[in-house]
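A short worksheet on the structure shown next.
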Amino acid sequence: MMQYGLLVMGAPYSSPAPHSALRFAHAVLARGHQIAGVFFYHDGVHNASLLMAPPQDELNLREAWIELNQQHAVQLDVCIAAALRRGLMSESEAHRHGKQAFNIAPPFELTGLGQLLELQQRADRLITFA
Amino acid sequence: MMQYGLLVMGAPYSSPAPHSALRFAHAVLARGHQIAGVFFYHDGVHNASLLMAPPQDELNLREAWIELNQQHAVQLDVCIAAALRRGLMSESEAHRHGKQAFNIAPPFELTGLGQLLELQQRADRLITFA
Amino acid sequence: MILHILTKAPDSNAATQMQQAVGDRDAVMLIEAAVIAALDPSWTAWQQCHARIFLLSEDLIARGLASIAEVNGLPTLEMNGFVALTEQYEKAVTWY
Amino acid sequence: MILHILTKAPDSNAATQMQQAVGDRDAVMLIEAAVIAALDPSWTAWQQCHARIFLLSEDLIARGLASIAEVNGLPTLEMNGFVALTEQYEKAVTWY
Amino acid sequence: MPTPDALLVIIRHAPHSSNWLREGLDAALVAGAFGQPVHLLFMGQGVMALLKEQGSGGPGQKATLPTIDMLEMYDIDKLWVSEGALQSLQISADSLVENATLIADQQIPGLFQQHAKILNF
Amino acid sequence: MPTPDALLVIIRHAPHSSNWLREGLDAALVAGAFGQPVHLLFMGQGVMALLKEQGSGGPGQKATLPTIDMLEMYDIDKLWVSEGALQSLQISADSLVENATLIADQQIPGLFQQHAKILNF
C-alpha cells in the first residue's frame, strides 16, 4: 500500500488534465493504495469553483472531486496565490478583499504552496496532471 | 474612421492575450477609430470575473476593461455557454442555477455566440487575441 | 528510475524536452494528446525507449486511434497498468 | 489581402499552419511569443513574407530581444504601426 | 465554390485536448443557425475531429462525432481537409467521415482570400 | 554536486507567454524559504527567463528578472541551463544573467536521476 499525492494544473473543460487525474485517482484506490491529497495549482484552481455549471450531459468536475473527498477522505488543497489572481476565493478571503461573493468552499481549502511541498515529502509518489 | 471588433480568447494572468488586446484597443482609439465591441470567448471569459484579485503591483484586467467601457462606451460581451462551464455567471444565471453567488456584473453582459457573428458583420475589422 | 508521462503530441516542445531527459532505464507513459504518437511508428521515442513506452488505451479509444495502434503493433496499457507503472518507478515526471 | 497575426513561437504548430495559409500579398505581424523569431533570421517565414513581416517592439523589449532584433536587421513596429497594418489589410487572422 | 459572404471557420485543434475544437464547432453551428453560409477548413491536428472511429472521452466527457454529424442539419456541408495535414499525421482519407473533401495545401491561401469573414480556432 | 534530498525544479516556459514560468519560480522560492535545497534546470524556451536585457511587459505586467535575482536570497544558486536549448534558440551564453551554469544535454538524464524530488513547470 502506497500513499499518492496528485498535482492538478489544468482547468476543467479547457484541459483534459482534471479528467485524467480523477480516473487515475480511482485506479489508484482500486489497487489498494491511498491518496494523501490533491493539490490544485496554476489553472487547476478552477476545479474548485462553486459556480461551475457545465451542460447537463457533462461531468461536473467539482462534484466528482467532492465525491472523492467524501468517500475516501482525500484532502483537496487549492493554492491561494494562483486562485486569487484567477478569480477564485473563499468566504474569508472575500471579506478580506471586500468582495460580496465567494466561489470556493469546503471541502476545498485555500492554502499556500508549502502544502504542495509537504505533500511531496509525505507521499510515496507525486503524480502531476497538466 | 473605422469600427473595430475585438475577440478575446485568453484568460488574464494565464495568457498575454488580454494585455495585448487592451494595448491594441487604446492604440486603435488613439488613431481615431471606434471600438464597436469586445467579445470574450473560450478562456477569455475569465476577464469578466468580479472576484479576480491580482497582486497590488499587477494590472487588474477587469478594471482595465471597465475603464474602456466607461471612457469610450465599448460594449463588453461574454459568451454565456463558455462562461457557465468555466464557473462564471451573472446574478440572473445564478438564480436559474440555484447558486448563492455570482461573479459577472455590468458592464459585462452574458450573451450568445450570435453576438460575436453580429459584431463581425457590423465591424470593419475583427481582430482576435488568443 | 523515472516514469515520464507525456500529455502533448509527439511534435510538441514537451515531447522533445522529455526525450532529452529520459534515461536508459526510464519508462514512458503516453496519455491525452500524446497518444497521437500511435499514428507514427517512426517517432524516435519508440526506438529510444523501446520496450518501456506505452499508450493509454482509453485515450486512444476516445480519439479513434485504438485500431491504428494495434495495426502498428504498439504497446498499450489501461489506467490500471498506468498505476502499476507508477508503483514500479519511484519518481514520475509529467511533460506538458 | 490578409494580415496574419502570430502569437506563438516560430517552432509551433500555429506558425507552421500560418505559413501554409499566407498568400503572396499578405502581411504578417509577430506578437507575444512569436517575437522569439527575432533570434532566428533563417526562419523560413522571413523569406516567405519578405518586406511584409514585422515584430511588435514592445513585446521584444519585454522579452529582452530588442537588441538582437536590431543586430539581425529585422523590421519592427510599435503598437501604432500594428493598428496601421490592420487598416491597410481588410482581413486579419490570428494564429495561436 | 465559396460564396464571398460565407464565413470560413478553421479548426486546428484535436478532440479532448482542449476546448478549442468544440468552441470552434459551436461558432460554426450558430452561424449556420443564423442562416450564414459556413465553410469549414480542418488543418493540423484539427483533422482528427473527423476520424470515424472516435469514441467518447472518459466518463462524462462529450464525444465530438455527434457535433460533426449535426453540421449537415445546419447546411454546413463543405468540410475541407488539408491534404498535407493528413500526410504528416499519416492518417488515410478512408478513416475520415464521409463528407470530408481533401484540399491541396497550395489551394489553402486561395481559400482564405475567397472568404470575407474568417474565424480561426 | 546535487544532494539527494534536493528538489529539482524544471523551468520550460518563457516569460510573458503564460503563467508557468512565474508559478514554477514561486514553487522554487517557497521550497527555498522552507529550507529545502533547490536546484533549477532551464530547458527549451525556459532559458529566456535568464536573458539579462528583459524589460517588464506591458503596463502592469510584472518582470521576471527581479524574481530571478531573488533566488540567491533563498540560497538557490544552482541555475543549470541546457546547452542544447541555447544553441537551438541561438542565444549566446553572454546574454544570460551571471549565475547561470551551462549543462551539456547528455548530462540532463543524470541530473534527473540524482534528485529524489522533481517538479516540472
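Read from first to last, the chains carry the letters A, B, C, D, E and F; within each, the first residue is number 1.
We adopt the following convention: contacts are C-beta pairs under 8 Å (C-beta built on N, C-alpha and C of every residue); 3 or more make two chains touch, one makes a residue touch a chain.
Since the model is a prediction, treat every value here as computed from it, not as a measurement.
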Work out the mean Cα position per chain and let me know which chain is farthest from subunit B. C
Between B-E and B-D, which chain pair is linked by the larger number of C-beta contacts? B-D
Suppose chain centres are the mean of their C-alpha atoms. Which chain sits farthest from subunit E? F
Are the interface residues of subunit A and subunit B largely the same numbers on each copy, more than half shared, or largely different? same
For subunit C and subunit E, let me know how many angstrom lie between their CA-based centres, rounded off. 27
Distance-wise, how many Å sit between the C-alpha centres of subunit B and subunit F, to the nearest whole number? 34
Listed in rising order, subunit C residues that touch 2 or more other chains are 13, 32-33, 58-59, 93-94, 96
In subunit E, what residues contact two or more other chains? 16-17, 19, 45, 57-58, 61, 120
Which subunit B residues sit where two or more other chains touch them? 13-14, 16, 20, 23, 42, 55, 58, 126, 128
Residue ranges of subunit F in contact with subunit D within the complex: 14-17, 45, 48, 51-58, 61, 63, 89-91, 95
Using the touch rule from the top, collect the residues of subunit E that touch subunit B in their complex. 7, 19-20, 23, 26-27, 30-31, 34, 36, 117, 119-120
Residue ranges of subunit D in contact with subunit F within the complex: 9, 32-33, 36, 39-40, 58-59, 61-68
In the complex, the residues of subunit C that touch subunit A are 5, 7, 31-33, 58-59, 79-80, 82-84, 86-87, 90, 92-94, 96
Quick check: in the complex, which residue numbers of subunit B touch subunit F? 13-16, 19-20, 22-23, 55, 57-59, 64
